[in-house]
Each structure stands twice: as C-alpha cells, then as structure tokens.
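Chain IDs A, B, C, D, E and F follow the sequence of writing; residue 1 opens each chain.
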Amino acid sequence: MEKSMQKYLDKAEVLIEALPYIQRFNRKIIVVKYGGSAMVDETLKERVIQDVTLLKLVGFKPIIVHGGGKEISKWVGKVGMEPEFVNGLRVTDEATMELAEMVLGKVNKSLVQLVESLGVRAIGISGKDGKLLSVEKKYADGEDIGFVGEITHVNADILYDLLEKDFLPIVCPIGLDDAYQTYNINADDAACAIARAMKAEKLAFLTDIEGVYKDPDDPDTLISELPVTEAEALMNQGYIGGGMLPKLQNCIDAIENGVSRVHILDGRIPHCLLLEIFTNKGIGTAILNDTDERYYQGE
Amino acid sequence: MEKSMQKYLDKAEVLIEALPYIQRFNRKIIVVKYGGSAMVDETLKERVIQDVTLLKLVGFKPIIVHGGGKEISKWVGKVGMEPEFVNGLRVTDEATMELAEMVLGKVNKSLVQLVESLGVRAIGISGKDGKLLSVEKKYADGEDIGFVGEITHVNADILYDLLEKDFLPIVCPIGLDDAYQTYNINADDAACAIARAMKAEKLAFLTDIEGVYKDPDDPDTLISELPVTEAEALMNQGYIGGGMLPKLQNCIDAIENGVSRVHILDGRIPHCLLLEIFTNKGIGTAILNDTDERYYQGE
Amino acid sequence: MEKSMQKYLDKAEVLIEALPYIQRFNRKIIVVKYGGSAMVDETLKERVIQDVTLLKLVGFKPIIVHGGGKEISKWVGKVGMEPEFVNGLRVTDEATMELAEMVLGKVNKSLVQLVESLGVRAIGISGKDGKLLSVEKKYADGEDIGFVGEITHVNADILYDLLEKDFLPIVCPIGLDDAYQTYNINADDAACAIARAMKAEKLAFLTDIEGVYKDPDDPDTLISELPVTEAEALMNQGYIGGGMLPKLQNCIDAIENGVSRVHILDGRIPHCLLLEIFTNKGIGTAILNDTDERYYQGE
Amino acid sequence: MEKSMQKYLDKAEVLIEALPYIQRFNRKIIVVKYGGSAMVDETLKERVIQDVTLLKLVGFKPIIVHGGGKEISKWVGKVGMEPEFVNGLRVTDEATMELAEMVLGKVNKSLVQLVESLGVRAIGISGKDGKLLSVEKKYADGEDIGFVGEITHVNADILYDLLEKDFLPIVCPIGLDDAYQTYNINADDAACAIARAMKAEKLAFLTDIEGVYKDPDDPDTLISELPVTEAEALMNQGYIGGGMLPKLQNCIDAIENGVSRVHILDGRIPHCLLLEIFTNKGIGTAILNDTDERYYQGE
Amino acid sequence: MEKSMQKYLDKAEVLIEALPYIQRFNRKIIVVKYGGSAMVDETLKERVIQDVTLLKLVGFKPIIVHGGGKEISKWVGKVGMEPEFVNGLRVTDEATMELAEMVLGKVNKSLVQLVESLGVRAIGISGKDGKLLSVEKKYADGEDIGFVGEITHVNADILYDLLEKDFLPIVCPIGLDDAYQTYNINADDAACAIARAMKAEKLAFLTDIEGVYKDPDDPDTLISELPVTEAEALMNQGYIGGGMLPKLQNCIDAIENGVSRVHILDGRIPHCLLLEIFTNKGIGTAILNDTDERYYQGE
Amino acid sequence: MEKSMQKYLDKAEVLIEALPYIQRFNRKIIVVKYGGSAMVDETLKERVIQDVTLLKLVGFKPIIVHGGGKEISKWVGKVGMEPEFVNGLRVTDEATMELAEMVLGKVNKSLVQLVESLGVRAIGISGKDGKLLSVEKKYADGEDIGFVGEITHVNADILYDLLEKDFLPIVCPIGLDDAYQTYNINADDAACAIARAMKAEKLAFLTDIEGVYKDPDDPDTLISELPVTEAEALMNQGYIGGGMLPKLQNCIDAIENGVSRVHILDGRIPHCLLLEIFTNKGIGTAILNDTDERYYQGE
C-alpha cells in the first residue's frame, strides 16, 4: 500500500480509538471551566472551542463557564478607573461591576461566535438569565469588598432546558442576590457549583499549570489520577501550593457532590481536552473517587 | 356599600374589562421594539417591563428587541474614542463595534434583571446566539460605513425554542455575516425582521412621538387606526416627516408579511403598551390591513 | 395630563397590581364551590363566571363545583312531588334523585354556556363521568334517608386529563356507588374532596355569609386570616354557629390534607373572588396553616 | 373430545372469526346514532351499550350520539305543559327547550353510568361543552318553530381531545347559536354532522326499521349493501318512504363527505352493532361508495 | 326469530362474554412460552398464533418465547453431525451451537411470518439483539456441557421499546456472555426470566401435558388453580413427576418475583390460550399467589 | 515538545479534522450495503463494523443491509443439496430458500453480536419483520427461477421506529409476497430500495472493486465523483463492464429518488467507509447529482 494511503488509514485508526470514549460519555454533561492562557492566545482559544464543539457533536453535553480577568484589567485601565482597596483587597464597586459585566459579556459573545462558526448551536448567558445563579454577598475576613458574590443556588432547569433544545450553553459568572443586585462570581466557583447542581459526569479546569505534583519541585512527579483521600492527604501534608489549594478543594467538593471526575488540565497544551478525554494519555491530573476505576496507562 | 369597598370593586371591574383582550391574544407573539425615552427614564423603564411581564403572565408570548443608542454615545465619550465619519455619516469601525456590543450587552442583561425581579423567566441574547440574525454589509449611498449590517435571515427556530421553554427573550440587534464577523443592526429593522419571520400577531414600537398625524401641525389629528393603503397615501402626499418615514415603511412591510397589527406608541406615556392593548383607548397609531376590523372607539 | 388619560393610567395600575398575584398562582389549581345567592341572582352569577374565567385566562386552573338546592326545590313543586320524611329528615327517594339529577344537569350546562360565551373552553360533568366520584350510602343518625352519598374516592385523573386539554371543568355533585347506583352528594363535601384529592392551591366557598367572626354579634370582628389552630379553638369555645360548623370542619380537613388556603367568601359581593385573590383586601375569611405567611393588610 | 369442551372451542372460534374485523377497524372512529326502541327497552339498551363498550375495548374509537324523544314527551306531560303549534308543527318554546335539555341530560348520564359499569371511561357532553355544536335557527317552511337549530359548525377538536384521553364520548344533540342561546337539534343530523367533521370510518343509525328494501312490500328484498348511486336512483324512483327519505339523504351526505360506510340497523335486534361489524351477516343496510369493496356474503 | 339469526346472536354473546376479560387485562404484558406439540402440528401452530394475535389486537401486550428442540435434532441429522456426550449429557459444541442458532432463527422468522399474515406487526429477535439476554456458562453437575448458558440479566428496555412501537416481539432463547460468545438457553428459563424482568401479568407455558394433578394417576384430579404454598407442598410430598418439577419451580419463582399468574396449558388443545383467558373454563393449571382471587368455576 | 506528546497532538488534529464531516451528516441516514470480501475476511469485517458503529456514535443513523452468498454456497454443499437449473440459471427452490434464510439469519446475528460488543444497540431483522420488504416473483427472461423476489414496497416506518429507539438496524434481504410466501432478494436491490424509501443521505456499497474507471484498463483513471449525467454517458458509451452495469443503474436510480450520494467503495481497504466520509480522500467513486458540490480534493 502506498504511503499516502497509509496516512489515511492511520487517521481512521485514530477515529476508531476514540470509539470507546465516545461510547462511555454519550449524553453525559461536561462542565468546562475556561480561563487563563487558553483564553488569551487566539490559537489556543480556537483549539479549545474546536475541542468542546467536537465533544458536543459526538454526543456529549458540554457547558462552558468562562472568566475574563485579564480583559477586565485591560478595560479598567482603558476607562481610567482608579481601583479601590480595602485591607489590601481589590474592591468591586458599582463602576467596576458595570465594566466587568460589559467585558464578560463581550468575551461571552465572542465564544458564542466561535462555536457558531463551527456549525454548532451556542447560547451565551450570564447567571442573570433565568436567575441561573443566586448569590449572597461575600466578605473577605469580614471586610466588605463590594459586589463579590457567593453562590447560594443554581437554577439547573435553565441549563437542562437549553441542553434539551440542543444549545451549547456558555455561561459568564455573574449572579443576582435576593434584591436582584448584580454580583461578580469567581469563575472556578461558578463552574464547580454548576457541575455539582447538574451532577455532571466531568468538570474540567483549563489552567496555566500542568496539574498536581507529588513533589512540586520535581516535574517528573505529575499525578495522573488522584483519588480524593490522597488529595486530602497531600493538602494536609502541605504539599499543595497557594493558588492550587482552593482549586483542589473545589475539585474535592465536586467529587463528593456527585461529579464523577474533575480534570485539572494545562490549557497551554493545544487540544488538552481531547487528549485527556479521548486518549489514554493523562496530560493533567484527574481527581476521582477512591473506588473508581483508573484509565490512564501512561504512554 | 362603603367607599373603600367601592374602590376595590372598581379594581375588579378593570380586571374584568381586560378579559376579552386577554382572550383574543392568548398565546400570540408580540414583538416589542423598546427604545427612546422609555429606555432612559428609570420610572418609564420599570413601567415598560411591568407591562411586558404582565403580557407574558396572562398568556401572550412577548419578545423584546432593544436598542441602546444614547448609552453607546455616552461610553464612546467615556473611553475617549474619536468618532470617524464618511460623507458625514458616522462609521462603525472595529473599536466602535466592540464598545457598542459591550454596551448593548449591558443594557440587555439589565432588562433581563428587571424581568427576573418580577418573577418571570427571561433570557438575553444577541443575534449571535444560535446565529439568530444573519446579515450582510450595508452601504450608505455606496459608501462604506463600517460594521453596519442588513438582515438577510432570521433563524426563528431559536426564538420558538426559547418561547417553548417559557423564556421571555430579550434580543439586542447584533448580527453575524457569512464570515462570522460582528455587525451592528438598526433596532427597528431587527424588530421588524423578527416580527415578520415569526408572523407575530403584533409589533409595537415604543417611540418618542405620539403617533401618526393627519396634519402634523394639528395635535388633534392623531390617527388611531391606519390601514396600509391610507398609510401609503399619506406617505405619497408628503405628510409624513423625516424620521417617521422609514419607520412607517417598516410597519407597512411587517403588515404585508403577515404581522396583524403594528403599533407606534408614545413610550413617554407610562404603561402605553397596556393602554393600547387592554383598553379601547388608542393611545398611538395602529397600522393594520385595509380589511381588518377596527377596535378603538375613542373615549 | 388630561383627566381621561389619568383614568386609563389608573386602569393600567390596577392590572400591574395584579401582577404578583398572577405570578404567584400561575398553573395552580383552585376549586370554587359555587352556590347560594351568587347562583340565584343573574348579575352576581355573571360576575362569578367572569371572575373564574379571568382566573383561567391568566394561568390558573380553576374547577367549579356547584349545587342547585333552590332550583331543585322549585322543580319538586312544579312536578307536584310529595316530599317524604324520616325522623324529620327529607328523604331522597328514587323520583327525587331523578329530578335532582335533571335540575343539577340543567344548572351545570347553564354555567358551561356562560363560560363558553366568554370564549373559554368549559366542560360540564357530574361525578358519574369517568366515575369521578365514588360514594357509599350515608345515614343520618342511623336512619335511611335514601340516595344520599358520602364520597369514598375521587378519580382525580379525570380532572387532570380535562385540565391538560385546557378545559375549565364544571362539576355537579352526583356520584356512583359500587353497584353503579346514582347518589346525591352535598356540594360542599364534593368541593372539599376534590380539592383534597388534587392538592389544590386554593378552595373557595361562595356563601351567603360574610365570613367567620370572633364575636358573631359584632360585625367589626370579621377574621381575615384564620390559622387552623385558632379555628379549632373557636369551634371548641362554641363561638361558631350552626351552619358554619360543618363548613369550617370541611375547611380544616382540606388544609390538613394539602390544600394551602380555604376561603369563605361572601358571594353576595360582586367579584368577591377577584377581590380576595388579586387585592390585599381580605373580604372574607381565609383558613390557612398555622405557619403560613399572611397576605392581607386591611385597607 | 367431550361435548362441554366442544362448546368452549366453538367460543374460541367465534373470537378468532372477529380477528380480521378488529384488525381492519383498529383506531378508527365510529359514530353511533342511538335512538328508537333500542333506547326504550332496558334489555336492548344494555345490549347496545355492551356492543359499543366492546368496540371501544378492542381498539375502535366509538362516539355515541343519542336522542330522547319519547322520554321528553313523557316529561312534557308530567309537568303539565301545553304544547304549542305553528302551522301544525310543534314549537320548541323556552319552557320546552328547558325541559328537553333536562331530560336529554338525564338520558345522557344514564348512558355514561351504563358504560362506566362495564369498566370503560365515559364522558357525557352536550353540544354546549367546548361549544361542540354551533347552530343557527331553523325554520320550517319559513315558519318560526322556536329553538330548533341547524348545525353550522362542529368543533371536532373537543372530541379528538376526549378520545385522546381515552374517553368514550356520549353526546346529546343540543347546540348554541352565536348569541349563546340554547337550541335543540335533530339527533340524526347531529350524528351525521359529527361523523362528517371527524371523517369517521363508520356512522351507524340504530333505528326501528330493518333497513332499505328494494320493494318495501316484499320483506325478502332488504338491501345489504347500497352504493350511493343506487340509493339516489331508489330515491328518485320514489321507492323510499317518508321517514326514511331524510335519513337516507343524511347517509348519502355522510358518504360524500368522507365517511366510509353508513349503516342503517334494526335496533330491535339484540347486538345488531356487533353482528353488522363482526360477522359477514349484513343485518341492515350499509350505504357505501360506488367503488368500495362489498363485505357481506349473505348466510 | 329464525335459526340462522340465532346462530349470529350466539356469536355476539360470545364476544360480549369476553368483555370483562379484555377489560381486566388491557395493556398488560403476557409472556407465552411456545413449544412442544403445538409447535410441530401446523394446525395447532396456526391456532396458537391466532390466539396470540387476537390478544394483541384486543389490547394485551403479548411476547412469545419459543424453543425449537425437535427441529434442531432433525437438522443435526440432516447435516450428519455426530453428537458428543459428557457423562451422558449432550454437549453443545461450537458446530451444534451454530446449527441450533440457524434453526431457531428459521423457526423465529416463520412465526413472524404467521403473525404478519394476520395483519399484526411482529419482530423476531434473539437474546443477542440489544443484548437482551446476558448469560454465564452453565455446568451440569460440574461437567462442561459446552455453550449452554444461564441467564444473568434481561435487558427489559429492549422489549419495552419494541412494545411501545407496537411490535409483537418473538424471542428465541440465545444469549451472549460477557465476552460476547453465543450460548443456547433453555426456553422455559428464558420465558420465566423475561416475565420476571417485565413484571408480566401472565406467563403461559404451552406444554404437552394437561396440567398439574393432585393424583397423577387420576385424570379427574387436574388442579385448575394452585396457590404457591400448595404447589410447594405438592412438590415436597413428591407428587410432582420428573419433567414437571423444574417447570413448577420456574412457575413459583415467577409468582414470587411479581408475575401475577403462571398458566401451564395443554398446547394440544386448540385455542387453549383463549379458552384459559377468555372463559371461566380452567383448561390447565394456573399457579397464583395464596391470597389472589380465583376465577374458574368449572363448567 | 517531546515526541510522544506530538503523537498525541497529531491524534487530536485527526479528530478535529473530522468535525465538519460529523457536523454535516448529523442525524442523517446512511444505508450501507455490506458484502463481498469485507464480509469474508474477519479483520476487514471487524473494521467495517467499527466504522459503522463510529458513524452511529457520532450522530449518524446507519442501516446495514447485508448479503451472504458465499456462506450460502458453503452450506448448500454441507447439506448435500443438488442445485437445480433452468436455462442455465440457478433456481431457488423451497429447500434452497429454507437454507438460505437460515444462513442469512446466522450472518445477521453475527453482525448484531459484533456491533453489540462495541457497546452499541443493534437489532437484526429480515424483510419479514414488520413486513419490511414486500416482493413479487421475479422472472429471468420469462423463466421461473423459484423464490427470487423483486421489491414492490418498503415499509419504512419499521426502520424509522427502530432508529427512533436508537437501534442500529441490520437487515437481511428476504421478503414476503402478498401470500406471505418467503422470497430471496438481491442485497444490492434491497439496499437501494431501502435508501430510496428513506430518502437516505448516503448509500454506500462495499464491493470488491476499486470504483468506476474512465478507462477500465488504466488504473489511474478512477473517478472520485461522478455526476449522474456523466455516469449515464459512460454507460451509453459502453465503458462500464458487466457486473458494474446493474450496480451503477441502481446508484443512478437512488440519486434520482432522493438519495444525495451513492458511494461505490473498495471493501478490501480497511476503514474504507471512514476514509470516504471523514477525509477529503475519495477512495472509491461517489455518484451524485449534476448540480451538487464536490468534496474530494485528491491528496
């Protein structure tokens, strides 16, 4: 057989290898927290959206939750706003909240646009639509830091209804309190709360780190699959660094509330989502129940 | 019967008077173009949203299409952008388009918020979501005025699906061309196109004028009900002033494409929507087919 | 603003005031026991039917249960029948039962006719249709009083099916025993049994009294909202007069079996139903759970 | 094989013989006009109801339309009303109409009761329910004969909805005009109009005659199957007697409007419906299209 | 009335007698194990299929499970295969399994053909389709007897889905183990497992015996209705002969797992199914719960 | 980036490349005629089933139609049957038909088994089930060649119902005539008839040839995309060889009856189905409408 044909056959084999994964997650909900570098770099952005769109087309039910931190900072500067601080913490005052909502809205629709350009039905909403995300004011060590909210309820029916109508929902993390005041929400928290409320099969965080390490100083100790008990042990032993701590806690909460697997992925690797889901290469760290079967066999 | 009781009985009578109107428009689609003063004044804004929410609750299927012109201008100044002109026409360059989308998004979600606070399920979308509004570039007398689009297709299924899931859709007039580029759309045109695509029962424009006059100089000649043929005659006779001309043309197009009635209402009158729909007081001008039955009996 | 416009604006405000009530009871079931003066006086009759029809149109699911006592008596005379008595109690013998069924049927269809004339889909049934009401023979202190039945089972599916097909069901209180023999049923009991079987949100009795008084001799002591425990206390204290006693017992039974509120209304006040439901004027007495929130704020 | 077993085997064979008929009419609509002797004799009545109930249970969708002439006359006497006449025609004045509605309602519910006792879901309605039957005033040779109506519209959705909810609808021939006034309708006309509106597979008249004869004086000339063209010829030739003439005209109208077969049956023969439908014995006369296949092979 | 008419009336009466039985089992599932003489004799075969088809047409949901033992033996000879034995037990080696599947497939489609010829929608499947029957290898006293399987799971959804689409499923008893290897299954076991998994109303075995006898030597002691406790007593007392023992155990298991009645019928009697179900003649033995009502009244 | 990671990224790219193809054919019906070498070679067989299963999992609605010629011949020998001939044509007598049905049934269930082992719901039927394929006797130049049928009707509802219940239908080409006699059908004809009846998006023939050549003697002239008009021209010019002629005629018929594309594929190339559908490599010949867009761009 000639060489060019072999190339095509190899392609076919790749598709066939995906078969059991497609089979396993058919009609399952996957919440993807999208942020960090993968959101800034246009090429990576396109790769992420391709991945999620493919997941949708082969039968999964993905939901994207995105942040927009860097873009917001850029606009705060552009408009010439003076950031306010309380006890060293940035305060989300009314003007900041207004601008943040505008920027997140812009990011939201740009993702919708990308998904639509790939021929899949997307809808961009915030936590205001259908009052998806109810919040209450969050305090930082007792200090008022403005319109920063903590989620008290997820109106999951909104997302079920949109999924039923075959939309790929793209959610920006803004919520309403009981007085219908607007609040900003941490995107990780929003993704986690939505995954829990919908008993998602998977929750994937696209981050700027490679995953969880046994020894943070040794790049060879990346953990492919991490049962919750081991994760808690690592946290107790002080092995888990600053920014990772709340994220890992979020992961454990998700697992304990019915999500099957939480993936911490390196969003800087193109197609990290597909690689994690459709191959036996664990490219990040998957948090799972202690009793769950493990998939990855290394290379 | 004591006086206070009489007051209550009067209230009951008002509700009962609404009965035939509720009956007549049950499950009918009403597209409301929301703009002008009614959008700037907070009290009027609340009244409009109350009206639309009531229409929803008593069984209509309202869809709001809104603009945001004044708010956009405010932000253009805030950001310190220099407007560009071609042949005296303002140009929507990329930066303006980006800002316009952000502002319209903000307005959109503020309306969602108001509707939700009244206990009704709202969803705010733009013409990008589900590729609701497809456009092509619009030229002004052959001149390129940037990202200003003309609607070529309305994907009505998106709105039918949202209505079926009991959402009150709130649409901002932004569209995508075949290359998935973002375009601004005239809100009147968007409302008209949506009403036509969905064969809406009613299309209502909330404007800053009182309606159409037989004699623009005589405030006593406001026309309550204007059949298309008469409307065309008025236009031919030159009786219709500048800004009203394209609007009236839009109205006639809508009627000729299956919309039953188009209402030009004075958005400065509180509850103008309810007054027009639930009472026999024609407070604006209704365009209708020549053969349609007339409702209003004056006072 | 001119005076006539003000009148219209006031009307709009009344509609808007109804908004939260419409919102609160959307798609909830309301069983209305219709009888007494409100059924004899043609004007009141029309008002009641307008009220129920409006409730239907704005999204409630009303069910009417009616009696026909006075009309039956009139026909007993007309036909020249001799009433039979046992221990002083009127006996429903076969001939009386036959006539009662005929009269109740006539009343039933006259209500259907009124509702239909307002453009709403009505269906008039008795407890025989779909065997809605199963009964067993009822004895008065051990004495046989003929074909008077006590409800043993409500086939709620019949009413759910009719509501699903958007009918307003109008029920006359006739039932069948296990041998498929016809029995007359007390209309209050029928309304109560149906409300219980369907876990109705509300059960409203249109009566010829103003409500429950703390002191029956003092017209200023009408109780707007009466929690069950207080109602039982009143009954135990002997404050509740003859005819009211079984009615109040019925109300308490309904509340204890899942109905949220039972309203004793004065059917002689026009639109008493609308007034009770759509305004903060408690015009009768509402029986409710001890822990339920109270609505009425007096005037 | 012993004799008693043979008896049972014979029974099984009868059931098996019915198989092709059950198969052929599965889910088809059959309108049965029920009247005459079959309605007076209690044993025949039970037989008819058994037949219709069986049709329902084996998969047909029967609808009963009944009259009540003799019972009405009985009650007119009982109440002591004086019949009024115009040009020799009995007039249905308001009092007569009221009584007729009461009697027909009673008959209606007695049929419901019988069907329910056989374990099948029945619902008794008149043409008022859901405004099933719209009428206009009928004149007899220009003379006002009171509240006698001619059907102008059948609201077939009402019956489709009830059939979908698995009810066996039992209809009494009373209608409403545009002013919602009550009118009496000829039961034959009502059955025919309903069968036409629903494109029924079959329309069966239970009558007090044996069917149509070629020669009315020769009992051996009963016609089993009569194509419309032949029926019209018989009528033109004057072979068809008085009462049969309008009935036959009704039959022809039904066939020409989409009903497949109209059966004129002798209601005095027990189980005439089953015999006509489930055996090859044509016991009455079936009117059919000229091109339709014939079933009956005589004995 | 003439004699021929009487014959027809008798027929009608038979149909009417079936009414309560049709009513009682409407939409209930009946699993029919079809085998033995009733499968060899072409006339009996036709009778059985007529019976099952009639059950389907009058509203039951029958499922046929069939064997094919004699036909398999015939083909083993035809192909010239040498049967293998282990400890005196016939072994189902690969070649035998292949042939058995071919023969059962042929029998299966011949039944489909018969049902279709009666105008009813049939579908013939094996336990492979939709992995209806999962099995594990069965050993005979520890000896390997080849591809003989024991059912470990019934995928009832497959049958529910086919019933919902109005098919009459015809199942041949072949299953798959976890490695997707083909196994033969005892048809009685398959019928029993399916009836249990679907909580069938009835399970009927068509056999070559008359039923269960109190005294196997006295033909007058056939037991019409046998509560499980009595059945167990009979078994313990040693009254139940060889082949009947496992069958009776199967029956008891079925009853204890939610099947209401299990019928052991003599398939050599034509229409034995109809006779058992539609008449009060218990022609075989029905196993039932101790507390269930008995039907048969003898002759 | 290390080499092993690159390998994974390449895999991801392959999946992403499939995205537009998956998108384009989502929920479309694809009829696959499966036969020839691809059915004999176990490895090729597995590849074909993998391909079809993948198509199913990513949202297509495949239907397999298979033959079994070589296997039938093998069994004819095994059983020792003497083939009969008429005018040199092999006759399908009753015994051959019986055996053919058995063999086709075996092949059918073996395919079911393979699909099920990949975790997808399969159902194996013949044209008898639900009377999917109605036939009439086919004559060869007027000669009776036994039970060989020509399709007169496809009962497409059967397949729609099975697809709706998420089955992958596997059909063997056996049909029934009006007398419910069994007939053998050419598998190509069956596939074509089914594709036409269901207006399939695609019909793919797995054959033992490479496709259609412009010049049969020049292997470099394989035609990737062949509009019908050109196909007809080739046939008229005598360029198309013996066996290909009826197949090509079948293809043209399919296109002219609503199938969008017919693919003649070389079943000897592993994954030929995936290659044809998911890559821009046209590995066989696609017949299409003259006006349709072409896909393949060569290599």
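Convention: a contact is a pair of C-beta atoms (placed from the backbone, for glycine too) under 8 Å apart; a residue touches a chain by one contact, two chains touch by 3 or more.
This is a predicted model, so every value here is computed, not measured.
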Using the contact definition given at the top, which chains are in touch with both chain A and chain B?
none
For chain F, the least number of touch steps when starting out from chain B
2
Check the residue numbers that chain D and chain E use where they touch, and answer same if over half are used by both copies, otherwise different.
same
Copy of A-B's interface among B-C, E-F or D-E, judged by over half the contact pairs being the same?
E-F
Distance between chain B and chain E based on Cα centroids, please, to the nearest Å.
68
Roughly how far is chain C from chain D, centre to centre by C-alpha average, rounded to an integer in Å?
37
Using CA atom averages as chain centres, what separation in Å is found between chain C and chain E?
55
Counting only residues that touch at least two other chains, what does the list for chain B look like?
none
Does the chain-touch network form a line, ring, star, complete graph or other?
ring
Sites on chain C touched by chain D in the complex:
78-79, 98, 101-103, 105-106, 108-109, 112-114, 116-117, 121-126, 128-131, 158, 161-162, 164-165, 167, 174, 176, 180, 182
Would you tell me which residues of chain E are touching chain D in their complex?
4-5, 8-20, 22-23, 26, 50-51, 53-54, 57-59, 118-120, 269-271, 274-275, 278-279, 281, 283, 299
